[in-house]
Amino acid sequence: MTATTAAAAKSQGANNVRGWGRKEMAARLAQDIPEGWYVNLGIGIPLAVGDYIPADREVVLQSENGIVGMGPLQTRANLDTWIVNAGKQNVTLMKGAAMVSHSDSFAMIRGGHLDLCVLGSFEVAANGDFANWTTSLKSVPAVGGAMDLAVGAQRIWLIMEHTAKDGKPRLLEKCTMPLTAPSVVKRVYTNLAVVDITARGFELVEMNPEITFEALQERTGAKLHKKG
Amino acid sequence: MTATTAAAAKSQGANNVRGWGRKEMAARLAQDIPEGWYVNLGIGIPLAVGDYIPADREVVLQSENGIVGMGPLQTRANLDTWIVNAGKQNVTLMKGAAMVSHSDSFAMIRGGHLDLCVLGSFEVAANGDFANWTTSLKSVPAVGGAMDLAVGAQRIWLIMEHTAKDGKPRLLEKCTMPLTAPSVVKRVYTNLAVVDITARGFELVEMNPEITFEALQERTGAKLHKKG
Amino acid sequence: MINKIVQKLADAMAGIKDGSTVLLGGFGAVGQPNQLLDALTEQGAKHLTVVANNAGTGRKGLAGLMAAGRVDKIICSFPRSAGSVVFEELQAAGKLELELVAQGTLAERIRAGGAGIPAFFTATAYGTYIGEGKEVREYDGRKYILERAIKADVALVEAWQADRWGNLRYRTSGRNFNPVMATAADLTIVQTQHIVELGELGPDDIHTPSIYVDRVIHIPYGDPPMAQPMD
Amino acid sequence: MINKIVQKLADAMAGIKDGSTVLLGGFGAVGQPNQLLDALTEQGAKHLTVVANNAGTGRKGLAGLMAAGRVDKIICSFPRSAGSVVFEELQAAGKLELELVAQGTLAERIRAGGAGIPAFFTATAYGTYIGEGKEVREYDGRKYILERAIKADVALVEAWQADRWGNLRYRTSGRNFNPVMATAADLTIVQTQHIVELGELGPDDIHTPSIYVDRVIHIPYGDPPMAQPMD
């Protein structure tokens, strides 16, 4: 193999880096949630984070339709169809759970009482802007509670694929899709890396071992700073 | 007796007209509250209105510290010092009573959900302005919930003496004391009369039989219209 | 004696006028006043503005009211979801106006309507499509937009328990938008799974005090359907 | 394991800084966090701004804190009442700043602080001395003034029951300002008459969800005094 083909192969190989799977991403994020935090997990992959919180660590999950203290999904053994979460799934309640109305729930969310909200996203920018509610305004989108969570929680962490299916970066200088909120994201967990958003922009916290820094930078649409 | 002394005597007599007592005023007002109304009764004489609501007529009394369904004062037989009303008296709760927080109580008040609020007052003007919270701003006054009740309830009825101790009118063209709220009073119950406040100003609804219209007009600081 | 309990759905719906704004409780399949919605369709009021979290699913309840052509406008946060077929048909046909509102702003606008607050500032939706054109103000270095209260003619609510005064309790996620909807309408109509004696709900245990409720009807329809397969 | 219960009043007060804004629950003799107030006096933080309905009565609790010279400013609706002797002494001596707020506006400003609303319009106090100088705006033919939210460093709350997560229930009029105060501070400290096991308070029966509470201490002081002679 010549040097040129080797570089090409490496680049090709890097293009094919799958990195962490969704469960691994959720588990990775769950490690970083300390005991005692009140956390809202968005619909989809974020919700899976709840499955990876260590059993000996009490974290209180909030769901924006009014649950403080959400437990795992119901089974036939503990069926109670009156209990649903914001994703409209039948869930259990933890001991210590409290139910509130939507208005009280969003007062809680907007008022800054959640330590953390984890959301999925299509795009995130180096200044903390993110876009997760609609790819386009051509059709009528639904917004739900994402915009309230985005501005209300003490920290917004995103859990998302590092690139789109066609390989285009989703961590960008500036979002191209309609924003959910400007300047709120603090950290991004992707299949390839964990990235903080600071005054300097994207700062690498951790990389998937399958990829090099250069390859990661290639897949990132804005400068990726090393910590320190 | 000459005609002149008779007129003087009449005038003198009219000056001395005591009219209805406080209990009679409260009873007179209570007659006008229909079944099913939600009513806040201010501290002092207004609170006595509750004692005169006919036993077969359900009226729900609200107290701004969070009672919906306040009953009479407690006795030693039903003592529970955890229950107080806005006047900080130990009161009972009716069957059907609900307790709410101050913020929920004032949301209820401000949001227009009370059918009626009955307040005492120092002064009231023909345009519906009234002044009941302080006679002067020289010393530091307390305001409490009067201003919220004044703008929030569907109807403000005042229960007050028609004149001050020195005989000066308290129903005026314009209030002289600091306002509680502008343009909110609908009706005034005094020791001498029941007076509506309409677009025309003061309109007589009912007079104490001890007094003549002319003598009542003398004791009123703005034009008193006859109904119709 | 105060008795807000009515026996017939037609009595519960009496007097609702064309052009009314109607608030709906409910989230997902839970706490939906579906029997009241069916009765409203039956009652016939037209040119309604509906305020709810969703825009109806399937062909019953809110979707039924919409399919009958009674709704001119919907104010909601989540119009498109699995099964929002009637909404999509009406939208495609240009027969339905939509005002899209962030879910927390929707709840707060209604709360403001019920609480005598005509307008308030919130950071939600600042800098987004939904916030465009709204008055912006900065407080302590952060930008907020001004939002107006929503007040309505009618609220349709589903409760777990109610007494003859109209005190209400909800069951777990059946609470959702129901309490706030109950506060912001001139006429609040409640369907309840259970009627209880006055005094049975303790004063510290009431979720919606009776002052907010005008009519109550007993509709013991049972449990909501399962939300997901459980095997 | 989350355990917000502390054993000592000194631990409950740890870290309260000079210059803090402190919210107080309580109305009349009921639901007053008096033991926490005594502990705060003991703790020594100075130059406090206190937000409460009243300005203290007698010489204990809030009045004790004020008498010890720890309070620079009080934001309240009812400063003068029977027994507000310390307040009147400090006022006369020019040692206490007072911001007088209508009771409902006070509650709503704190609710706004806890709910992420920086400012709102209200009709209360428009056209009065208290409303003077505030921004006025007209909505639907009615005039309103703009009021700002109140947020605080510390809230002192009294509850009837609490669990180790900090879920709270209040007893009848003990509720008063306590729930709203609990929502609007960085550090919410609760004294409770009863500690209960986690799970003992049903999910539909909790007045203040645990998310608002940071520390809980068990102070079973008993019933409030009689408010009036009963003979």
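By written order: A, B, C and D. Residues from 1 in each chain.
As a convention for this text, contacts are C-beta pairs under 8 Å (C-beta built on N, C-alpha and C of every residue); 3 or more make two chains touch, one makes a residue touch a chain.
Since this is a predicted model, take the numbers as computed values, not measurements.
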Fill in the blank from the handout: Contact tally winner between A-D and B-D is B-D
Practice task
Name the chain whose C-alpha centroid is farthest from the C-alpha centroid of chain D.
Solution key: A
Handout entry: Euclidean distance of C-alpha centroids - chain B vs chain C, Å
Key = 37
Practice task
Mind checking the centre-to-centre distance between chain B and chain D? Centres are C-alpha means, answer in whole Å.
Solution key: 30
Fill in the blank from the handout: Residues of chain C that touch two or more other chains sit at 108, 111, 115-117, 122-123, 170-172, 175, 203-204, 207
Completion exercise
So chain B residues touching two or more other chains come to 93, 99-100, 106-107, 109-110, 151-152
Practice task
Indicate which of the five shapes (line, ring, star, complete, other) describes how the chains touch one another.
Solution key: other
Exercise for the section: Mind listing each pair of touching chains for me? Expected result: A-C, A-D, B-C, B-D, C-D
Exercise for the section: Show which residues of chain B lie in contact with chain C when the two form their complex. Expected result: 35-36, 38, 58, 60, 62, 68-69, 93, 95-100, 106-114, 151-152
Handout entry: Touching residues on chain A, where the partner in the complex is chain C
Key = 64-67, 73-76, 79-85, 88-90, 93, 99-103, 105-107, 109-110, 137, 139-148, 150-152, 178-182
Fill in the blank from the handout: chain C contacts chain A in the complex at 27-30, 53, 77-81, 91, 98, 100-105, 107-108, 110-111, 122-130, 170-180, 207, 223-228, 230-231
Fill in the blank from the handout: The answer for chain D against chain A in the complex is residues 1-2, 111, 113-117, 163-165, 167, 183-184, 198-199, 201, 203-204, 206, 209-212
Completion exercise
Residue positions on chain C within touch of chain D in the complex are 108, 112, 115-123, 137, 139-140, 142, 144, 148, 169-172, 175, 203-205, 207
